[in-house]
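Presented sequentially are two complexes of chain A, the first with chain B as partner and the second with chain C.
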Partner chain A sequence: MNIKINRDTLLKPLSSVSGIVERRHTLPILSNLLLEAKQDKIVLTATDLEMQISLSVETAVGGELSTTISAKKLLDICRSLPENAEITMATQESKIQVKTGKSRFNLQTLPANDYPVMTKAAGATNTVIKIGQKSLKRLLKQVEFAMAQQDIRYYLNGLLFEVNGNRLNVVGTDGHRLSFTSTELGSSYEKQEIILPRKTVIELIKLLDESEEEVTIEVASGQANFAFGDIRLISKVIDGKFPDYTRVIPSGHQNSFTVDRMMILLSMQRASILSNEKYRGIRMVLTENSLKLISTNSEQEEAEEELEINYAGSALDIGFNVTYMIDVLNNVDSENVVFSFADANSSCLVTVENDNNYKYVVMPMRI
Partner chain B sequence: MPSIKLLPDQLVSQIAAGEVVERPASALKEILENSLDAGSTEVSVALLNGGIKQMRVSDNGGGIARNELALALTRHATSKISSLDDLERVASLGFRGEALASIAAISRTEVTSYHSQEKHGWRIASEGAYLTEVEPAALAVGTIVEIQDLYFNTPARRKFLKTENTEFGHCEEAFRRIALSRPDVTFLLQHNGRAVMRLAASEAQKRFEEVLGADFSAEAFYLDESAAGLRLWGMAAKPTFSRHARDTQYVYVNGRFVRDKLISHAIRQAYQDVLHHDRHPAFVLFLELDPGLVDVNVHPSKTEVRFRDGQSVHRFIFHALHKALATPIGMPSSLTPDMAVSEGNAIPAQPFVPTYPRFQSNIDLRANEPAGFYQTLFGDLSRSSNPETVTSDTATMPDPIANASIGLHPSGQEYPLGFAVAQIHGVYVLAQNTQGLVVVDMHAAHERIMYEKLKNALDASRVPMQPLLLPVSFHADHLEVATVQEQQSLPDNGLQQLGFDIAVLSPTTLAVRSIPVMLKDADAVALARDVLADLRQYGASRAFTERRNELLGTMACHAAVRANRILTIPEMNALLRDMEATERSGQCNHGRPTWFQVTMIELDKMFMRGK
Partner chain C sequence: MFFAGVELLRYPELRGQPVVVGGRSAHQPQKLPDGSHRFFKLRDYSGRGVVTTSTYEARVLGVFSAMGLMKSAQLAPDAILLPTDFESYRHFSRLFKQAVADIAPLIENRGIDEIYIDLTDHAEDTRTLAQRIKHAVSAATGLSCSIGIAPNKLLAKIASDLDKPNGLTIIDSESFVERIWPLKASKINGIGPKAAKKLVSLNINTIADLAQADASMLQANFGLSYANWLVEVANGRDDRPVVTFSIPKSMSRETTFERDMHARNDRARLTEAFSSLCARVAEDLQQKGYIGRTVSIKIKYHDFRIATRDLSLPDYTNDSTAIRRAAGECLKRVSLNEKFRLLGVKVSNLVREEDAAAGQPLQATLFN
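Right after this comes the complex of A and B.
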């Protein structure tokens, strides 16, 4: 059994699927990827048992092959080969020989039959959503940064995907701040929600591109399937109850102002230099038509940034973790952002101008 | 069903004896306390077979009058208190009027005593329940209590006795506890006719040294703190003199040895920052306070006490000890009587300080590189242009007297850690001071300096709170809920001061609404539970500070200079000066020592100089 393939044809799909392969594993086969070649098509599959990515490439390979090889080693070999090199792969018993020009690599393989391939959950598929790659990527990027990381409230270590009527809502929170975004869908569905694990979200963002091509999302019990381009991604979902985000998002905050996103972002970044490295606290002092950002650190150094804004609300002195603010300003893409406050103890709402679909809520810090 | 009836007096005494006289050592403790309460200045103890066969305590105290001798052996008879008021303000060691009666109930006891109002001494004996008539005896002063065959009539208890050696060990410990508390009394302990311990009346520090050994007193510092009617004094060992077991730990409340959870917690916390977590500190501490503020009538053996205001006692002990432990190297005067001795000669106690023989055995290992070693040492010195560092001619003169002038800073005061001369293997800084050589672990030292800086910066300010967007509710028991409610009703809400906002949602549910910003990524529920448990038990919680310090410790470790970083002489000197100015700089964050001293005498010994 041997196949021939161009190095460049193999490299891109190879690096796409290798992302989820864990370096250290107790199960040796999980550091491998599944390689299946059939005459005019090659399919690469990688999994970490929580999610699986498979990618198929249409190319004439002139043979058939089905085996598993170390993802990292194959990737490293392909990467360091010269461009457009012609790679020949041939299996010999439990080994595979990767050959190109005068380079020869004999790699160990494990049987393809042992590879833990995830399959689509049996039973009726509940919901099939179609959405453009570009808009899905944008939605994910708007909320992804607010996800918790290794929180004991495991249901926060992911994003909520909620389909309700003709709307898709995506929410991420770590208990201190919450990011919400929403988009309209082509048709109407019954209400359904899943929590997509953190790792899946991050991989998805990497794999999605800026095209208008459609992503088909199938939501089944305990599983979510994403299909776009040559890529099929299957992910388990987090079994848990996501907190009721609607109670957290405030409404009717009176004191609000609109500000240029880049301008306030840069000010925040400058002010954060002198914020306490552990607290990351920053004070926002609002008076008529003026916003001051003040930070101090443990060495009694102080930074002050003043911005001219259109503000007619009541005077306010409110503290925040500046990282939470910089995060949101970095991840939304509009020109202007709107900050709304009630008082120094209530949450702050950040929205973007001319778009009601995005909301970011952050709790103040009592410095 | 048998009918209910009053127990015979003898049986009642035997039951009571079970609590009071757990083993020979407890009988010894009771009798020694009686002797001290009688105002004795000389007490001698003679034991046979670990105190099981015979225990004889003689003193020169006030004695017992003839007509009171029989009463002394009767239950609930005492001269120490007479009313409830006395009980509430009890200043004597004993007060229950039980001990002697209990002991008499389970042994053959003989009490011989001379009272100043009598013409001669009198003796009374008892065997179990039976008292003999009082008969004249030849005794010129004090009282002799002789107890034979302990537990002769309670075979069940006798079976629980351990070997003679074990029982003697316990007796010796009881004796030691009493002896430590009264340095002004002369004590003698004999076992099977051999004198085991002879302690002449002396100063407290001398007594501690005699009882606990020279290595303890060399490594311990003296402290004496008082505030608001509380006084804590005694000696506590430096963290480097720590033990694997909790053996050398003596706490006295108004002269009475106690084992109190509250006090040990406070002490433990004071050491927490400087002691490795599985080591135990060594100390002899005396807490003195108004007897009315402490209840000793908790348990017949009186090793437990209750404080009327446990919170302030806890706080006081913690602060007093914490402060004493924090004193930087530069200013030893207030605590350590002789810095040079306590640091330099601490060989047996500090496992890290190589003793003389160990140095010898190490010579082989170094043998192939001494030339290079000295070259670096003196090479650095001779080309050093820094006026603060020593010049090469003083360095080559090993006479400590000639070196006395070095290591002085402009004000004429000495730098305790001297001046750096070199760095070896990128790990240790060598410095010389008037006593000789100082070796500093630069990473450990710098780590402590950074850690203290971070801590001081944060201690000064209020704890910033991070309110939670999604409050975390959890199932709590009644005690936890009650603690929260109690704290909320106080004007200075302890929870809020620690950066917590906890609300009662229902009689069994609490919600954490805010947590300290520093710990925003921690498990809020576990943290809240820890804090509540601490607040309930000790009135104050250091759970937050502890967690925070852990974080700071990690930060400090990353910020500190690593091994193999080559430091210049001015950098090394700056490190030494920082150490002198930093609290607790004798140990790194994990309790390891940061420096030690090799004196000229030790160096001379190594080279057999002056022999």
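Right after this comes the complex of A and C.
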């Protein structure tokens, strides 16, 4: 069995699917990707048993092939070959020869039949929604940074996808801060929620592009399927109950001000230099038309930043983990942001001027 | 030997006999009406306990620490068996350390029966000072001790082992080559059985062989940092200070079951044992004033393979429920299809609770 393919045609899909291949795995075949070629089509599939990405490329390959090869080695080889090189791949027993010009690589393979392919869950599909690639990517990027990482509350290590009527709500939280966004859908659905694992979310953001082309999302039992362009992504979902986020998104915080996003971001970043390395605490001190950011560290060093703002609310001295503030300021794209407070013991609500659907809630830190 | 020493203080009539300490309270000696004791013999033992310690007389018969009690009963069926009584050993440990501290307060704890003492600032003649310490220990506890005195901790430790029991060995830079170099390399604390075996295969038997070995050959076989260390210790160099106070790295509790357990069949008993381990670790933490944020479990399978898993929590804790929950998560990540003989729970990443409480920022949470 042998095929011919252009190096550049192979490289992009190859790097797209290779992202999820675990470097070290107990099951050797999981460091491989599945390569299937038929006449005018080549399909690459990678999985970590939690999720699977398949990518098909229409190209005349002049033969058939079905095998599994080390994802990393094949990617490294393709990357380092000259542009537009014509690659020939030929399998021989348990090996594959990758050849171009005067370069030759003999790689080990494992049988395609042994590859643990994830299939779409059988049975009824609960919900099918459609959304543009660009919109989905934006939604994910707005909330992704607030997800927990390796938290014992496993349901926080992912994003909540909630379809309710004609709205899609996406929420990420690590228990200290929460990022919420929402968009309108073309049609109306019964209420349905899933928690998408962290790794799936991060891969999706990488794979989605800025086009208006549609993504079809199908939710079946314990599984979410994403189809867009040449890509099919299957992911398990986290089995658990996401906390009730509606309870913690405040309304009616009276003390608020609007500020230039970049200006406050840069001030926060400067002040963070002298914040305690471990706890990253920063004080926001609000008085009439003034915001001071104050940080101190364990060596008694101190930073102070003063910003002129339009503020007529109550005087307030409230502490936060500065990382949580820098995160939101880095991940929204509005020119201005609005900070709203109740008192020094309550959450802070951050909203943006260019998107009414976006809400970010941070709990204070007693410094 | 320390444990045996304490037991012989309690039962002086056993002096000179092979005595083995191990197992649990079932083999408590019985007091007879005439005031004498009836002791259990090793042959009376059944179970899977191990020898905690043995007297020199028992060692002659081949019974050493960590040997299974059943196996040692075959070697010395008539040896006296005494149950392990950690409470007493801890008591005597405190007494001996206090006695030393009254003379030389700069002490590094190395466990229940071992300490390093920094004598740098003592003007007194070394041998007289050492004798004074030995007398103080003996007066406070009735126990003898072996002392090694040397320019650093590495050599002091080796020296203390050269003359036992009740010994006193002084090593200085002159006597170092003569006394230390002929010893086996494995006498160095830090050269374990595996490294020692590898050294022997490289024809390095004594510390002198090691000192004279080619450094690049050592690096090729042991890696840079260990090879560096080998060269240093073989030449008697060690600049570690005597650490008089240190934060413990971890606190743990483990239990070996009297028979192999299966996760499904012995569920009730295991749940209870597991919760109790977590509760005891939590109690240890609370008693000593520490909180930790990494929880680990250890499981030893029937074939002695060991699996460990750990989990770091968002917040420090010394709460048994929180430890139990995290340990339960860890347990989900090991295979429980096979039988196992040991279960352990550990909390590491410790800080003193009072340090943590003072001035530690408190992040408020969204839920609860």
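Brief remarks on what is shown
In this text, the second predicted complex is superposed on the first by the 366 of 367 C-alpha atoms of A that agree within 3 Å, B and C clash if a C-alpha of one lies under 4 Å from a C-alpha of the other, contacts with A are read in each partner's own complex, and residues count from 1 in each chain.
Please note the rule applied: a contact is a pair of C-beta atoms (placed from the backbone, for glycine too) under 8 Å apart; a residue touches a chain by one contact, two chains touch by 3 or more.
Please read these numbers as outputs of a predicted model, since none were measured by experiment.
When the two complexes are overlaid on chain A, chain B and chain C occupy overlapping space and clash.
In the superposition on chain A, A:I202 makes contact with neither chain B nor chain C. In the superposition on chain A, A:E299 makes contact with chain B only, while chain C stays out of contact range. When both complexes are overlaid on chain A, the residue A:L185 reaches neither chain B nor chain C.
In the superposition on chain A, A:Y279 contacts both chain B and chain C. Clashing C-alpha atoms with chain B after superposition occur in a single stretch of chain C, namely 117-125 (options considered: 45-53, 117-125, 261-269 or 297-305).
Shared contact residues on chain A (touching chain B in one structure, chain C in the other): 151-152, 173, 175-178, 243, 248, 279, 281, 319, 321, 345, 347, 361, 363-367.
On the side of chain A, the complex with chain C involves touching residues 150-152, 173, 175-178, 243, 248, 276, 279, 281, 319, 321, 345, 347, 361, 363-367. Residues 311-314, 325-326, 329, 360-367 of chain C touch chain A in their complex. Residues 151-153, 173, 175-178, 243, 248, 278-279, 281, 298-299, 319, 321, 345, 347, 361-367 of chain A touch chain B in their complex.
In the complex of the two chains, the chain B residues touching chain A come out as 454, 457-458, 462, 464-470, 472, 514, 517-518, 520-521, 523-524, 551, 555.
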